[in-house]
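Take a look at the structures listed below.
Across the two complexes that follow, subunit A remains constant while its partner is subunit B and subsequently subunit C.
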Partner chain A sequence: MRKLSYYLNGWTILSVIIVLSLLSPMLPIIGGLLAPSSENWEHIKEYMLQDYMKTSFLLVFYTAVGTIVIGTSLAWLIAQYEFPLSRFYKWALILPLSIPPFIAAYTYSGMMSYTGVIQTTLRNVFNMPVNQKFFDIMNIPGAIFIYTMFLFPYVYTITRVFLTQQAASLVESAKLLGKGPWAIFFKVVLPISRAAIIGGVSLVSLEVLNDYGVVKYYGIQTFSTAIFQTWFGLGDIDAAIKLAASLMTFVVLMLVVEKLLRGTKQFSYSNTKVNPLPKVRLTGFRKWGAFGYVTLIFCLAFLIPVIQLIDWFVLTWGAIPNDEFTTYIRNSMLVAGIASVVIIAGSLIVGNFQRFAKGRIGKVLPKFTIVGYSIPGAVIAVAIVTMFIWLDRQLGSLYSAWGLDSTLVLSTSVVMLVVAYIVRFFAIGYNAIESGYDKIGVNFSLASRMLGASVTKTFFKVDIPLLKGAIISGLMLVFVDIMKEIPLTLILRPFNFETLATKAFQYAGDEKIMQASQPSLIIIAMSALAIFIFYRLLDKEDAK
Partner chain B sequence: MKKLLALVAVLALFLAACSNSSSESAENDNSTASEEVNLYTSRHYDVDDELFAKFEEETGIKVNVISGEEDELLERIKREGEATEADLLYTADVGRLYRAKEEGVLESAESDVLFEQIPEKYRDEDNQWFGLTKRARVIVYNKETVKPEDLSTYEALAEEEWNGRVLIRSSENIYNQSLLASFIAIDGEEQATAWAEGMVNNFARDPEGGDRDQAKAIAAGIGDVAIMNTYYLGQMVNSDDPEEVKVAENLGVFFPNQETTGTHVNVSGAGMVKGAKNKENAIKLLEFLSAEEAQGTFAEANYEYPVNEAVPAAELLQSWGEFKEQEIPLSELGTNNSKAVMIFNQVGWK
Partner chain C sequence: MTIEIKDVCFSYRNSKELAIDHFCMTIETGEVISILGRSGSGKSTMLRILAGLEIPEKGEFRLYEETMFDGKHFVQPEKRGIGLVFQDYALFPHMTVLDNVKFGLSHLSRTERLKRANEVLELVEMGDYKKRYPHQLSGGQQQRVALARALAPNPKLLLLDEPFSNLDKELQYKIREELYSILKRAQITSIFVTHDEDDAHTIADRIVKLDKGKITKIGRPCDMLGTPLKRPEVILK
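After this line comes the complex of A and B, so read on.
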């Protein structure tokens, strides 16, 4: 055993370095906690905090419930049953992730508005005047709908993979004991997939908590609003950072508590080839019920908004300059590609360290990387700019030795943006990789090392091949997320660096949702393609 | 700590190597154009890009752009400090230029051409920023339910008779903040607060959506009057969506406070960043943008009012008539911005 821990040292050091470098840009934000209260603090406390926190809580809570219900039920239907199009839906249900929530928010409110397709059809074709109350989506329930529809794939993806690969024996036993499908779902499926569901839903909650695009347009005041009103409206960035820091502390506490509570209840299988869940072919009304339900969700979360976007695309065709689009596509691909590869590589290292780590610190440390995902992007952007300018100053003599006349080199290059993505989305990739490690357990690796292979050799020869599925789904999630990322890309890009997301935002932010359809559709198409390709790879893995 | 730095550096170099293709091409672009000017802008209109391209064509000076949100760009400039590559900060709202000046990130620029093309009231008194276009924040009304005679001032919309009939977007929006800031400057804090309170009482619904959505809500019968920017109305009248055009056609435009303090105007403009490395080019760009040709383009393509008095507004805007503007110094909009936000919060204007 002593020998094992000796080998682990290199991994430990590397992992600690990775985690610390991800956390280092957050230092100024954490420092913000200690900053003295500004004169605005009383005002913020009295008029903003209480109400805004309540709204944030409502949004997070109902979205969490919604995504759990939809994500888990879809995962179960797809994993266990066969019905029309179920093979298509298996991957198509990930597609809603490709639509940026703020674009979805604009699209839905556009469709539901007085000039939208629904009301104009009723008015012009059927001559039916309608009560506007029923068509107003720009409110808290509307925002919950948008978040639920466009974020549930986080829960769906993770839970479905888990159920497909892990649930068979337990479900079989339950069946033998004579339990019906509903009882199995509630008594077996939900409890055993708890960890997977929590993993997915915590990403959803964080995304809701730090979102600003949807709530800003819908006029809903959340904790993010408080941060930005303090910064933009009151011009008090220190107080804004302090608010963000409190949010971050809260999130980290929740996660650590969750991890500590769950830490001891891990189970690993000695065999990765657990029998896959045998599919049950549905018949009769059950068949059409399942099909109808899944189709309804797919339409609401993907097909309808996409058709609307295509309609706008056609209406505005030729109205906006589109000769630069290949450049935007290339830029989007470039930054998303590099960042996702780096994130997954880092996650593999940290994850490998984590599973052998003795003690709670080792188990909990990687969880801290989630701070990058827990606060609004614009606040992270400030932290990243600060770090890079500091870095550039430190490297100043190096630059002049190279004969560069500029003092800002890294911070005016695309490197700053890519690092920002890594800091922000590391948790997404890590989440996927960690659950992959959880799944394969430690037995194979221990066996390999018992037979004399080093940790590093084991990592490449045993762990990576076993982790292929997790690697692919991690890459996919991170890539799709970066394609649609907005505040970081806007603030941290170098001169003349446009991506599809910045273009989409520029039009949407100026209330030109019709013009925004063009870049949005390209984002959706490219992400859909990525999802499809990754899915095919994943499927091959499953089939092995 | 050293190790950590080393790792970050290695990581950075690795990334730099990986991303060579893009950064190199950007550098190449710079080297082909010997002259350049660097712009941080929160205006992101296609018409701006067209004008920049034209400028490059005429002068050989390349315009490099980072477009983002104004406060975030301002923060980036602040943190970059003296080393910043930005020459100009171009914003859609003058309050932000004032804030930039207060933060000490701007410096003066002297140019007789600018002084001639841009009237004094649209410039900073120390010539640190220059207004380039303006939009009026007007009252639009449902032609069927409201007669223009019923309308008079912004203040009147806060009175009893408009209970449940007024539409306006959320207070988070900078145009609303500037509007209230102007009232604070003109009437004092107390009256401004009373106005905001009265408005909240008269709301037809909780504020939601953007300016265009307020116009649609009038068409839908949710309210009878709305406060919105002329710029957005111009976009709607000329929309690609025939339904939006129909909505816009049923709206009347009313310039409030003509007998009293004048209609509120937002100015969009650019400030000279302190230590600008391409200051001369930046001045040339400002001169170009405030000259008749570019001002005409702003007017025709973007429905903004030109600041250059030699240039007429777009025909559509002219059809709404001439109007008297508020006469306060524009810097007051910046001074009173945070007060305005506090008032909004106090009266519960979402």
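After this line comes the complex of A and C, so read on.
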């Protein structure tokens, strides 16, 4: 009789189709590993691969260290202490996420350059000419600084939420045992938050490997830049696929290390509401020390670059013709809008299937939605193009039957870009939706079915209205992430299709840093708004 | 006209033990049955199986003439015509009391739907609270709305999972009496689950004692030897 539970209903079929379509573009990459190698690939393998690996490793490693130090220290300060503006900083420290690293990268290098605000001030006000060497940040340490400053919020938020919600009683008992604050931090907080911290750091590392904007602008050779070079510079897509496959191997190794570090030992905590940590009010030297440290980070990671961008924005007001500018905004919103709606709709379907599926595929299938997010943009780009060119070939006869001249229809359309976004960002939307489903539980839906409503009717009448919050926040998160996206957009957009992000990137690349500030600020403002609303929503729900 | 439950076995996927072990019984129309057992004995599981929310490994279940499940058939929960009152009520938070009750009546015309909803709300004495949302009601009121919602479509069988567990002690006695009279007035065959002997003895026509998924005893309350006598409520109050 159990077999009856596997009965194929529309939900199962749809979910399987959705997840398989998310995975299908990865096939050419895996195939690429096995394909015979070209001359270019031999050359790359011989002379360059090691360098790419070393650079990528350095970037990931030092950024991980930096974000752990900054992220956990801030999380601990905010979760545990009260000091001036600590409530404001609680969410303001997430804002650096609203600045895409490539924008931060060119902003900082603009500020530090010979004509930038820092050097000119030193020269003109203090009469101090400086050695350029100390002001060059367009190198590996500079990139690490940028990644650390603008990605640490991943570690900070996850750890802070963990500390406030879960660790209260452990910290309390450590205190009762007479441990001082430093001992508590190193002996209790760090060990128990290990899983949370590593979770945050692995997001950071994926972002670093995904990055194209920063390293391209700073002239650093990594996997991502190498993939693009091989592809466009050498025109060797097979070698690019092989590079992509090597990068994917790198990512997989990293995720394995992550699993090992997290350990099999899961701390289990009851779901019941724990009393939040009672905050300790800092006084005197400590109070200002904490305030100073947090403020310094906030200034470096948000305030200073934003002020600089606003300054440039004002200086170049009107430099981009208005109608052009509206086109960029419209394009950005269009692709981001379509992709995020598709992602959320798909997530709702897979999520609903997941929570009622009793068999193994119900548990395993949704796990695959994460694949796209762990794969760097450069790899996805290669994969999607390969797939679309193949598709176009298959459909070639259809095109001519319709009287179309071109043989490349899909692969030159915006559809390709949107599909790439969906593959890459599905996990972001799915996460939001899945946690929404978790929150409402299954009983409302079961109650609805007991009252005679089918699964589908229940979905529309009960689930969707109850999931409104999760749907909105999922849409917002995905939308903003797509607005900021760089490598996929640059490669997969149709000819002459510009978005805010590509325009900012191009201006910066053409040394028109000031003009770049305009699209950049719009991206930042929208992201900041989304982040603000999103975390406010979360906060309110926590307070309930 | 009887309800037949034959040899039902069930285990959760992640455990080897049987959560329900060869459950057998027949129920007459209009009877109020109580499944009594300690927490973890499988009471909720049994209700969920009858409701169609879990799929048993073997066994048969016939609701009057219709087969709900046997080796070959399995009727989906929404097609069974069985009402279930959840332990946590599961009232839809985004709908008013009236809309909650009307939810199961989509097969009726608009006016009939409203009429029926009002009827059951009067039955549970919640007629004055139609426009409220569930969170604006007390626990006892929510419970009555949940009952009304389950009763509205005229289920062939009503299942109640620990109907009193979320209420405070004093309210429990009151609601218990009310539930009894409502069930009797509605003449509805029902099975309710409880871990409280008093509850079972007060309301049930017959009691099924469950332990580790096995029936250890079935009988009328007065036949249940070896159980403590019903405590006089007067003294407790």
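Note that in this section the second predicted complex is superposed on the first by the 351 of 544 C-alpha atoms of A that agree within 3 Å, B and C clash if a C-alpha of one lies under 4 Å from a C-alpha of the other, contacts with A are read in each partner's own complex, and residues count from 1 in each chain.
The rule is simple: a residue touches a chain if its C-beta (ideal position, glycine included) is under 8 Å from a C-beta of that chain, and two chains touch if they have at least 3 such contacts.
Treat the numbers as computed from the prediction; the structure is a model and nothing was measured.
Once the two complexes are overlaid on the shared chain, A:A453 sits against subunit C while remaining clear of subunit B.
Applying the stated contact rule after C-alpha superposition, one finds that A:L176 touches neither subunit B nor subunit C. Shared-chain residue A:V125: touches no atom of subunit B or subunit C.
Note on subunit A: of its two partners subunit C and subunit B, the one contacting more of its residues is B.
Contacts of A:E511 after superposition: subunit B is touched, whereas subunit C is not reached. In the superposed model, A:K358 lies in contact with subunit C only, and not with subunit B.
Legend: residue contacts after superposition of the two complexes on their common chain; A:N443 is shown touching subunit C, with no touch to subunit B. Once chain A of one complex is fitted onto chain A of the other, the partner contacts of A:V462 are limited to subunit C, with no touch recorded for subunit B. Using the contact criterion defined above for the overlaid structures, shared-chain residue A:L34 touches neither subunit B nor subunit C, since it reaches no partner. Subunit B meets subunit A in the complex at residues 3-5, 7-9, 11-12, 15-16, 18-19, 21-23, 26, 29, 38, 44-46, 49, 64-69, 71-73, 75-76, 79-81, 83-85, 99, 169-170, 172, 174, 177, 205-213, 216-217, 219-222, 232, 235, 239-241, 243-244, 246-247, 337-338, 340-342, 345-346, 350. Only residues 17-18, 20-21, 24, 40, 43, 47-48, 109, 113-116, 119-120, 132, 136, 138-139, 216-219, 221, 225, 228-229, 231-237, 315-316, 319-321, 330-331, 334-335, 338, 342, 378, 381-382, 385-386, 389, 391-392, 394-395, 406-408, 410-415, 418-419, 487, 490-491, 493-497, 502, 506, 509-512, 514 of subunit A touch subunit B when the two sit together in their complex. Interface residues of subunit A facing subunit C in the complex, by the touch rule stated above, are 1-2, 4-5, 358, 443-444, 446-455, 461-462, 465-466. Of all residues in subunit C, those touching subunit A in their complex are 13, 51, 53, 55-58, 69, 71, 74, 76-79, 81-84, 86, 88, 90-94, 103-104, 106-107, 149-150, 153.
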